[in-house]
Amino acid sequence: MDPTSADDLAARVRRLEDESAIQRLIMSYGPAADAGLTSFAGGVWLEDGVYDWDAEAELLEGSAAVDEMLQGSGHQGLIARGVAHFAGPLLVDIDGDHGTALNYSLVMRREEGRFFLWRVSAVRWDVERHGSSWRVRRRTNRLLDETGAGRGLFGDSLREVFGQGPR
Amino acid sequence: MDPTSADDLAARVRRLEDESAIQRLIMSYGPAADAGLTSFAGGVWLEDGVYDWDAEAELLEGSAAVDEMLQGSGHQGLIARGVAHFAGPLLVDIDGDHGTALNYSLVMRREEGRFFLWRVSAVRWDVERHGSSWRVRRRTNRLLDETGAGRGLFGDSLREVFGQGPR
Amino acid sequence: MDPTSADDLAARVRRLEDESAIQRLIMSYGPAADAGLTSFAGGVWLEDGVYDWDAEAELLEGSAAVDEMLQGSGHQGLIARGVAHFAGPLLVDIDGDHGTALNYSLVMRREEGRFFLWRVSAVRWDVERHGSSWRVRRRTNRLLDETGAGRGLFGDSLREVFGQGPR
């Protein structure tokens, strides 16, 4: 085994570890948000990261703003009645210290003794390496509804990041 | 580190990369289909791959047939009203240049301002290495309904690929 | 490449393989349970593993008890009408021969020709290395409902395993 191939192997392992770290980061948001661990959930973002959670809402700017939103009466009411902020499996692309992941977000709620699908969204996560870990630079959610907002987010992101077809 | 173990390590890394590539391939279908990127979505299949999407429907034979179906009025009507072709996490088995993955597919639609679960299916993906990437040889969907079709697909595939129990 | 770094690389690869093996283990339960492969599904647990499936129900103690539950009329009635025991992507932490994974479980059923969300739960999996594979020591499910049981399970587990925030 020459040094080049050893370095190459180490780089390939690092890439797999990056994918694992990004999955770990993203999959920690839902459980933390649903548990009411608002500071943990906010810490998924960079201090100056952005959560663009709906086309018609104001941006949440900074991890502290995410934390504050989760402490608010809207979110606290949801978790008191029962809610699941579920994140689906990731389609990830990594380029050095930056990564892009697409997935689906399902928010399920409970009302009158039954669970129901409340929001079904297209999600794009822009993540950055931050020392030995990864954090969210920007999360963008768009409903997969009749406005076409979710469709647009998935389409634009696939074309930008993944090109003309699967790799 | 002797050459044998370096080769062994490289083979283990390649296997992990294969799992990552298969996840990447399969997770690109839903976002592409829901965005209306029909050629991208069709390209998940081999040119002569098959999409056996329902026990009572005709097979879609070839990536071009998948592309054409997605361009049709049925699918276009779904995405205009809002739809999510969600794919769950994979149970993957790889044997050289062939792989088998099982997962759940949930198709969620929007109607009268609410999202609902339209189709819940068992899915089997037969994938093949194709140069430096992977493509779908055959995707088989069966509803997890009272017909027992989904149950049968999961049972037959688990017995065939995974044997008598978890590894 | 000196021996230390080769050993280090091998340890990093093993960790990634462990994550893959744990995903494989956990993702095999749903398809096996929904297919009625009761012994396969029970075999996801250690012989003396525990399935604590609901705050108000008795524990299932041992893989044979899981197998027996799945053979019972309750579960068999569900699969005859159509059911999906869906497991979401994992948030995994591994410490030597022990691992902890959190995810969401969605149980979807079919009734009068429509699918619906029946149970939405927080899940914690405590897994152990067992020779060359992994098995479940304990699976704990708690509904994400107005009782706060699911919220508590996610919160306690995140604090215990993942500390003050994402890594």
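For clarity, chains are labelled A, B and C in written order, and residue numbers in each chain start from 1.
Assume a residue touches a chain if its C-beta (ideal position, glycine included) is under 8 Å from a C-beta of that chain, and two chains touch if they have at least 3 such contacts.
Here the structure is a predicted model, which means the values were calculated and not measured.
A rotation of 120 degrees, rounded to a multiple of 5, brings the CA atoms of chain A into register with those of chain C.
Although chain A and chain B carry the same sequence, what matters here is overlap: shared residue numbers make up under half of all numbers found at their interface. The centroid of the Cα atoms in chain A and the matching centroid in chain B are 22 Å apart.
Within chain B, contacts with two or more other chains are made by residues 1, 6, 9, 13, 16, 88-90, 116-117. For chain C in complex with chain A, the touching residues are 1, 5-6, 9, 12-13, 16, 19, 88-92, 102-104, 106, 116-120, 122, 143-146, 148, 150-152, 154-155, 157-159, 162, 164-167. In the complex of the two chains, the chain C residues touching chain B come out as 1, 3, 6, 9-10, 13, 16-17, 20-21, 23-25, 27-28, 30-32, 34-37, 39-40, 43-44, 79-84, 86-90, 108, 110, 114-117, 133, 135.
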